[in-house]
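Naming follows writing order (A, B, C and D), and every chain is counted from residue 1.
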């Protein structure tokens, strides 16, 4: 057993990290959220470098790398506050590849893999409408909810901008205007892979919040000392580290499990999502507290991270739903357990 | 409105405090728990000074003071780690007075009020047996459970020593051998008064744990400073203060409510029990942590306080049961809410 | 001990309720500036009816009521869902400081327009590099002909753009840590004062920054002695919380009723985990309310607010934040959509453990000043 | 990254499982001393089968297996509900320190009897006034003819009454804070050593106090340089945790299975609040296990255990304490009765955040040594 990245995996992480650092910034994230066009340029760079197909099978034009590699990209993107296009496209590709039929795969995967016909992810609301993330310009959407996943071509739905909690991804309400195409395969496993990728993004968000808090703790002086010298701050930072590292361990293990031990994936995915969602919430709120007043200003990135932690933490299966699933496996929690992916 | 003790109430508190300080100590509590006879002497002093009848109506030989005065005695006794005789007798008197009929009152209250025929409190288990606290030598027991309260004369039951969590009160298992006499009146209100008295004891337990922690924080030196100078310790102590003061406010308010605004008692009693039970657990465990290794020794009083917090916190209605009741009043929590007094 | 209202308190409350029923303020406008206008008008209405400065002495234009009646007033305002008067900082902090620490001339000049709302006050304590640490303030006041010349910057001042007067703490010496500050009443309507709105994480701009560029304060606007500003400032902060926590608790209880309704609306009423979290918040809020009244009694009997106010401040922030968290969990997947009420609550509550003294500073205060634990510094 | 066992690891595990199935230790006796005898016999059985000192080098009598195999061994022992070998302190701390810091003569003298269990080791670091603060140690060693004379007191030493050797940290100078300690191997079987059992809050006596009254240590039993004891001691403490956390996590998971059964037995399986608390503990324990393996990989690749072990220590204490709390809430009114399993667990877990470095000290270590935050001291 060797629980650490190998050299190829490090190269993946360093590659996407350097692309994000040169092509994206929190300022870009703000402009994207506000409706400007920065994300299109980022997406073109991602496409040019072949990132969209990283985890799509080679048969459909992807690189066929594993879920571990996918989560490394997602974590780095979360840390960079990158928009939801990469994640949405990768998620939809994983759903179609894992739960679609041959026709669906043939039709959509090559475009998702090359990035030329991007996919976007959304949730299906009980009233039959959807809510999708960074779906403008996508070729197709997959809406997930109530244990089903509906594939919708861009021409068969209408998008209206909606006000989201998260300011770094654009939220749209989706009205279906034409046909939908259900993914009837093993949706559970495919969704769990998507949850793991989403959890990886949350680890990145939490890591960024910790990085910012550490900078503040070292540089901000009060009462003649850097505030990081006070245990009220330093112990809070230690707890943040504990949350970030635990969530990272959980996500890496779940990603590896998805590819090598799928029968263990349901538990591993729940561990990843609960650790990442609750961890990101605790770490982003703690980071704001360490920052004090400055962390509560619009201009500071603290609230962008916190908002993203809230939105992604509740996307797909909520932490509560995953806790219920883990409890149900032990005969606990009653019959009315919330479905995992809402 | 005046939310503070008046001079008479202060006199009650100071009186019982001085009696406890002269006649009781943690060492006595240990000996009592281990089977020695110290508590009998304490009880004789209490009887001689007229304390057992403090809250019993004058018509039955008591002083007819209020629930506030009763809780002041209970808090002081909790702080002194005094045995359960006073509380048990007062509880049983409150149950008979509040939920008994005239015959039951006439028969038992004069003895409870004078302390010459002491009452003891116990819980009625689903299997029909009971568990009672400091019941040896009592003239009668009241066993509470399943929404009922059964009065049992000492001659109609057998007591067997049982190993309790708490080492400062003696636990007995109770087997019924003769008749029982149900209290058929307004048991709910009477039980709530008892819960408030029990909560007061828990406030005393928490206060003692805080006192000990503060002594330790001021005197114990590590790394060249008293440990109370470190925020890891000082902020923990501040949180303990918050818990103790909140529970004290809740108990005083509930005691006043019991006598002056009984329709508001169910909510006030739940606030008191939840605040006192959870507060005492947090404060006694935090105190042990502040003490470090020495706090984990048998000889130190930390574990006596912690054990008492556990035992009393779960006696009668558990915090969970009270939370369910508060939630139910808002239409929440489902139908299967746990009954408040088990 | 008597938790019922006295006949006088009852009469005060019933009269107030009757008046409120007849004089309900309309709903608060969504726009920030319009909301301030609305709150100004409401203060004028209160003033005209004798409900401004409830516990201020009659000789200073107040109602001369008890602190307990002030608290009852606060609770009734929350219950009626009335907004706080626009000049809340003047009423709660500025006026009491002028009354207790000011000169007769200052009382004559400043008190009446505070009560009527004619002159809004703001508070200039915090600076970018001095949040909790007042000793690190750098805004300076240098003696000049007939007064003081002020340079520097303040942050987190509410109402600054509408205020006439600023309670200013500025450095007037270099010697000792707490002996080099002076408390000024600075005229905001002068060329050397620039106010810029400060946008918060919520997107709102409740607060401002103030920049002083050779602003002037005449000598007669120094409160207390030169160099004694730290003590005067601390008095101000203590007045801030006294009597407010019971009303704040009531406001949270009303919100918890809304949250219970949200749980039922979303069909989650049988979820014992959510319902216990809600019940725990109801109970915590009730203890906050009770702590508030117990503290108020202590203030009435001992004269000045004590450091116990820190307990209420910690509880208030903690409860508000947990309410926000619970709301997000109740909304579940719908937490993606910005909810006009709950998203804003969740975000706004994060500042509650920072503003008005961080929860860390409150714990320092409790440890050092209530529990007498040794100080690290 | 590969979370599956290598063929060699698989072979090691399967062989071990087969051996365990054939060589199950009987149930551990309730009596403390009998339990130590039982664990001694078990260690001898392990030793005879080549399962003592799994990751010790072959040249020092160990199995020469990898650290990963040591961790697999630990997990399998937990799974088989086998007790820890009696000389766990010698195996986990004493031996590794002698191997990495000791002289050839010390290796020749001490290692073999550690492996067989012939000589039990104990650890003499803590003192009544020096728990977290090793610089405050007062037990002294003064140079004499051919060795050192030791006076003072140690606390919280397990197995001291059965131990032959004590890893002793004692003051050998007055100069600097961390430069005045020396690490000794002290013979417990001498007149100057008195051992008294220390009764804990649980009622058990797992630990002892040791009193040294002119006890003697010969020069050849100094480990490392005189005055370098702090560094040697820290190495010991770091070995303490490496590779143990995965097995500890497994032990907790087994306990959580029991707790789930208790919830069902008490008819509380539909209580969503209890079930989510249990599930959260299952998940936290799994992340502790994963952190353990990730840390172990880092140790294998970088040679020495790092300060990240503090994460596992904090998690372990926190989880154990929450398990105890949940058990009390599940027992409800029955929590009055001392439960042989859960009451003991609840009480014993309170020491977990104190023993082996308090959770506060672990957070200091993470803040200062992993996050490079400034130190207060």
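Keep this in mind: a residue touches a chain if its C-beta (ideal position, glycine included) is under 8 Å from a C-beta of that chain, and two chains touch if they have at least 3 such contacts.
Note that this is a predicted model, so its numbers are computed, not measured.
Across the two candidate interfaces, B-C and B-D, the one carrying more C-beta contacts is B-C.
Taking the mean Cα position of each chain as its centre, C sits at the greatest distance from chain D.
Measuring from the averaged C-alpha position of chain C to that of chain D gives a distance of 52 Å. With centres taken as mean Cα positions, chain D sits 39 Å from chain A. Listed for chain A are residues 230-233, 235, 320, each touching two or more other chains. Shown for chain C are the residues in touch with two or more other chains, namely 270-273, 276, 360, 363, 376. Residue ranges of chain D in contact with chain A, taken from their complex: 1-6, 9, 68, 257, 260, 263-264, 269-272, 274-276, 278-280, 282-284, 286-288, 290-291, 293-294, 296-298, 301, 308, 310-311, 314-315, 360, 362-364, 366-368, 370-376. Touching chain C in their complex are the following residues of chain B: 1-6, 9, 68, 214, 217-218, 225-226, 228-231, 233-235, 237-239, 241-242, 245-247, 249-250, 252-253, 256-257, 260-261, 267, 270-271, 274-275, 320, 322-324, 326-327, 330-335. Contact residues on chain D toward chain B in their complex (touch as defined above): 126, 128-133, 135-136, 155-156, 198-201, 203, 270, 273, 321, 325, 328-329, 331-338, 343, 346-347, 350-351, 353-355, 358-360, 363, 376-377. If you check the complex, the residues on chain A that touch chain B are 230-232, 235. Across the interface of their complex, chain D is touched by residues 123, 131, 133, 145, 162-166, 171, 221-224, 230, 232-233, 281, 285, 288-289, 292-300, 302-303, 306-307, 310-311, 313-316, 318-320, 336, 338, 342 of chain B.
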